[in-house]
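Worksheet: the structure to be examined is printed underneath.
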Amino acid sequence: MLHFENDYNKGAHPAILEALVETNGEGLSGYGTDFYSSRAATKIREATNCPQADITFLTGGTQTNQVVIDAMLASYEGVIAADTGHIATHEAGAIEFSGHKVLTLPHQEGKIAAAAVRQLLEDFYADGNHEHMVFPGMVYISHPTEYGTLYSKQELLELAKVCRDYQIPLFLDGARLGYGLAARSTDLDLPSIAALTDVFYIGGTKMGALMGEAVVFTKSNQPKHFTTIVKQHGALLAKGRLTGVQFDRFFTDDLYLQLGAHAIEMAEKLIALLEEKGYRFYLKSPTNQQFLLVTAEELEKLDRAGVCYGFWEKYDETYTIIRLATSWSTSQADMDALAQVL
Amino acid sequence: MLHFENDYNKGAHPAILEALVETNGEGLSGYGTDFYSSRAATKIREATNCPQADITFLTGGTQTNQVVIDAMLASYEGVIAADTGHIATHEAGAIEFSGHKVLTLPHQEGKIAAAAVRQLLEDFYADGNHEHMVFPGMVYISHPTEYGTLYSKQELLELAKVCRDYQIPLFLDGARLGYGLAARSTDLDLPSIAALTDVFYIGGTKMGALMGEAVVFTKSNQPKHFTTIVKQHGALLAKGRLTGVQFDRFFTDDLYLQLGAHAIEMAEKLIALLEEKGYRFYLKSPTNQQFLLVTAEELEKLDRAGVCYGFWEKYDETYTIIRLATSWSTSQADMDALAQVL
Amino acid sequence: MLHFENDYNKGAHPAILEALVETNGEGLSGYGTDFYSSRAATKIREATNCPQADITFLTGGTQTNQVVIDAMLASYEGVIAADTGHIATHEAGAIEFSGHKVLTLPHQEGKIAAAAVRQLLEDFYADGNHEHMVFPGMVYISHPTEYGTLYSKQELLELAKVCRDYQIPLFLDGARLGYGLAARSTDLDLPSIAALTDVFYIGGTKMGALMGEAVVFTKSNQPKHFTTIVKQHGALLAKGRLTGVQFDRFFTDDLYLQLGAHAIEMAEKLIALLEEKGYRFYLKSPTNQQFLLVTAEELEKLDRAGVCYGFWEKYDETYTIIRLATSWSTSQADMDALAQVL
Amino acid sequence: MLHFENDYNKGAHPAILEALVETNGEGLSGYGTDFYSSRAATKIREATNCPQADITFLTGGTQTNQVVIDAMLASYEGVIAADTGHIATHEAGAIEFSGHKVLTLPHQEGKIAAAAVRQLLEDFYADGNHEHMVFPGMVYISHPTEYGTLYSKQELLELAKVCRDYQIPLFLDGARLGYGLAARSTDLDLPSIAALTDVFYIGGTKMGALMGEAVVFTKSNQPKHFTTIVKQHGALLAKGRLTGVQFDRFFTDDLYLQLGAHAIEMAEKLIALLEEKGYRFYLKSPTNQQFLLVTAEELEKLDRAGVCYGFWEKYDETYTIIRLATSWSTSQADMDALAQVL
């Protein structure tokens, strides 16, 4: 089988696994108070050029979104997001489970524009009835988005400005952050993301960890007793070393950025290959996810050839949208095999 | 001042108040177990031609929506509603507070069509990823809607059919039900509403009660231990008689329907008057709420004349949408005074 | 029937009802922004000698406890209460429904002592593991308690001191506050309660209102956007006038205190009568609730005589604990009739 | 350092880690639908002699307790537990966060007796007021308990009988189940636990996994759409293989039971050593946790010697309770070194 269906179908990058093996026998304190979690946090503070950052390691994306959003919002507040945002669509109502509404805006290739956010906020406060409505209390964006697209520094700066004007935090979901950081066209790096957001996370699960996401509060704004909040959400690992060791390794010798760069290189080859073979793109993204419009016959061909893809949605009578994703684990051999069968 | 801003600016209908005064000295049991609550329930069972109905009296609309929806949904389910539905807009996130998402559909003059609901349900179950999404577990409609519009029997029948096909309940918010029942053009009466919905409520607050809404579970489907659920939501009145006596009176000598009819009569006069005076309608509804497009000068004139209206929203640079509402308490004298000043 | 089962079996005090009738025809703004709510708040500020107090009117006791506690606690905090406290026993989990644990202490005749609260707080912070536990974030007391007992000024002062030391609010549930204020033995009046607590409520439902409780935030500490929080809990009355008018009347010509004094006078007669007839007291309280130990024969005698009482609990094989309560509505005729039948 | 402070200070058992390494390169489907999760479930069905069991892998104990309890309880129900139960004390209110009260009973060495549970249930339903109270909807026990003690088959049978009588599920928290199964004195094995409980979990985190717990619904009673509920709680791992592979290995060649047996053997040596050295036991348990009463001098001696122990609580002026725990990772060398320093 050729695995292009997503970026989490393999285990962990060998170097990550090795770090786990090497540290396995050490007796360490629990719940994130261990040496490796601490050292990983130090390295992330350096990589983000954000010495005051508070860093917490969680297990998965939905959990991270739920914990961060619930911890930062007042009970009467909701979170602004694109209507395609992960929290709005594919988290089984995890945000609502914790009591908050997702206030959606129409997306543009997965993104929301500062102007639209500002309009929503202006309209809200202009409404004489707004005390009967959910207060917009945060802006959530994903970077890369669910469509693999990226915000530019200018766009992020404008979003940050709106948030500052209305004194609400800007939260960046970086489940696939490494692929965004490595994109050719991006002008956003870790320090600029740390500077422009109030909280963001560095995704591990989809970047070559067994699991794990690193939440970074960038403005000395980690909610009080955050460990207790994490515990209350059932999200505190007893063996915090598990995420600590992995992120310590990610941020040693630039592994995190390298894995991103590798996937981007593979994605470029994928695009070239697909173009060469005459595939129609629904959306060609600068990161590791590519969206195609395929016919029933083409789908059948892929199936027969053992190419795994992500079913996205029916486009019309003729076409279906599918996703092909490269990742930290995509090899040149995978690419060659794909070229062979297409 | 001429009160056309809403339908809850006066106290209670004199007959309602009188019933409270008359029964005031009686020693009655609490929490809705009193004689009057019981008799009111019996009368509502008769009026709805629904002998198996379970009836509970609550205090207000948002509370009723929250309690009913939370009681009927599984934790992983959300409620389908028009994007203009009260639960989606003006309840400060009361539905999300209880853990559920509101799944919105674009409205047509406040309504949603069966076809759109069916499409949403079909799409949901067709999505291979739907286990990661909020399950659509109920359909919520308001009748009259927030725009004063009404469902026809055919439309309600079709909605009921979709709900039956997908085995999810149909919930009708009847905060202004009396005005809907009395509309000239409606072919829906209490028995047909009881027959076609799984649960609905008969609004009291906006129909001439001090407060109170009567929830009617029509299909022997009242959630188990509903009293405890009501209590847990902080919604159980110690003096349940307060709602019991009022609804007992509403359903004596057809008072409820008469009050609706009176408001409709006044609304027709209001429409005629506004048309005569050359006002532009944004939406002319068959019930007690009328929506106008007015200029800044017209607004100023209304303000000066002491006409209270409901500000709805800015329409464009020139026009503002306002609401004028008649009610059970609008008098001919009010209408004459309004005619005078317009 | 002779109604001694509770203090909410009658409607409203005639003066309250009259105030509702008199103001019934006035067109007033909704959601608590009306003239009477405003005037009632002013009068309560005067009566409590607390000019900075923020006052909000809610509907019932459980609702008030839920809204106040949820609004004041952080998500990771619970509320300390007596194990007999209303929130711990008879509110169907309304506090847990809003996400908070009730941290119980053993009661002494319904009360908790400052020393026990301090011990709990000391133990909590001494526990190296407390980040994995629910933070004690508030102290809840009822005054009178569920057993009709009262805190002395000294006791309240000590509780206030503990709360100040640990910077957590002291919340006094005054569902029956008027009976406490009128007790012969009390040295607590409204100003001292306002001075010593951070938030408390003045109960209306059990004191002669149709319904309604007045929440008083005493230290300029009303949670931000409290109206929205109230709405989100389904607790905002459209016709806020209903509670406003009633509390405006309560605080006109000292009606509230007079109704309390009347019930206390009746309670003293009740105690004298019961003693004279040889009844055994389980707990003789200084307020309107008295608890008796009665045999099966005595119960049967009361039943035959049409005396309504509150069943409390089985005491042992021989005795049952029952409650007899006087109230604002207990008349001399009721007392005479009771004397007759005992 | 000598690690006796808990049973989760090391990484994973080498065989577990090896299984992860071996399967690391395989492309597998996500969210628990992979081959290894499926095979692990099959093996657990065999080991529990429970062919109809539904098995789900979660990440940690608090998360598992929250998800299972919230999924099985109705909104108005709470869970009965010992006052020392993990859910009652050290989960930061995770159960209340999901809306449910923990109804505590006094413990006996960490356990609750069937008779006490029955009494609580009888009292509840005998209370005329119980519709205003939290319904007891489940019984939670831990086995081994937080004190390392165990239920006998007879005790579990009696608890199961009470639960059946009242039609509420019996939930066994097996965070340390392997140590219980391996205890000399136990007459409970996996099949008998599966037969007597409605749901239980097989702890991995404290038994030699990196993380992970296997939830077993034993009576074809897994809540509908359980995957969605897990997702909504932020508890669904993208790489479900991570828990699948580990449990697949646990249940290959009886590894799980062997690791338990090893820890018990070490615990017996620990007890013998401590007795020999004259230590006072607060509680000598049949499993891997032992509780000592130590003086300040003894504590200092342990500290100096680099013996890590778990601080439990102050016992009195003289003594402190500490916990020494063996585990799957305790070696004979550890024991020898401890003997040396004591």
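To keep things simple, chains are lettered A, B, C and D as they appear, and every chain counts its residues starting from 1.
Everything that follows uses one rule, which is that contacts are C-beta pairs under 8 Å (C-beta built on N, C-alpha and C of every residue); 3 or more make two chains touch, one makes a residue touch a chain.
Being a predicted model, the structure only gives us computed values, none of them experimental.
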{"item": "Chain pair with the higher count of C-beta pairs in contact (A-C, A-D)", "value": "A-D"}
{"item": "Relative to chain D, chain with the most remote C-alpha centre", "value": "B"}
{"item": "Centre distance in Å when chain A and chain D are each reduced to the mean of their C-alpha atoms", "value": "33"}
{"item": "Inter-chain centre distance, chain A versus chain B - centres from mean C-alpha coordinates, in Å", "value": "42"}
{"item": "Distance from chain C to chain A - Cα centre to Cα centre, in angstrom", "value": "50"}
{"item": "Residues of chain B whose C-beta touches two or more other chains", "value": "75-76, 91-93, 97, 99, 131-133, 228-229, 231-232, 236"}
{"item": "In the complex with chain A, residue positions of chain B that touch it", "value": "75-76, 78, 89-93, 96-97, 99-102, 126-129, 131-134, 311, 313-314"}
{"item": "Sites on chain D touched by chain B in the complex", "value": "31, 70-71, 74-76, 99, 131-133, 135, 224-225, 227-229, 231-232, 236"}
{"item": "Partner chain B, residues of chain C touching it in the complex", "value": "1, 3, 6, 8-12, 14, 17, 20-21, 23-30, 59-67, 91-94, 97, 205-206, 210-211, 228-229, 231-239, 241-242, 308"}
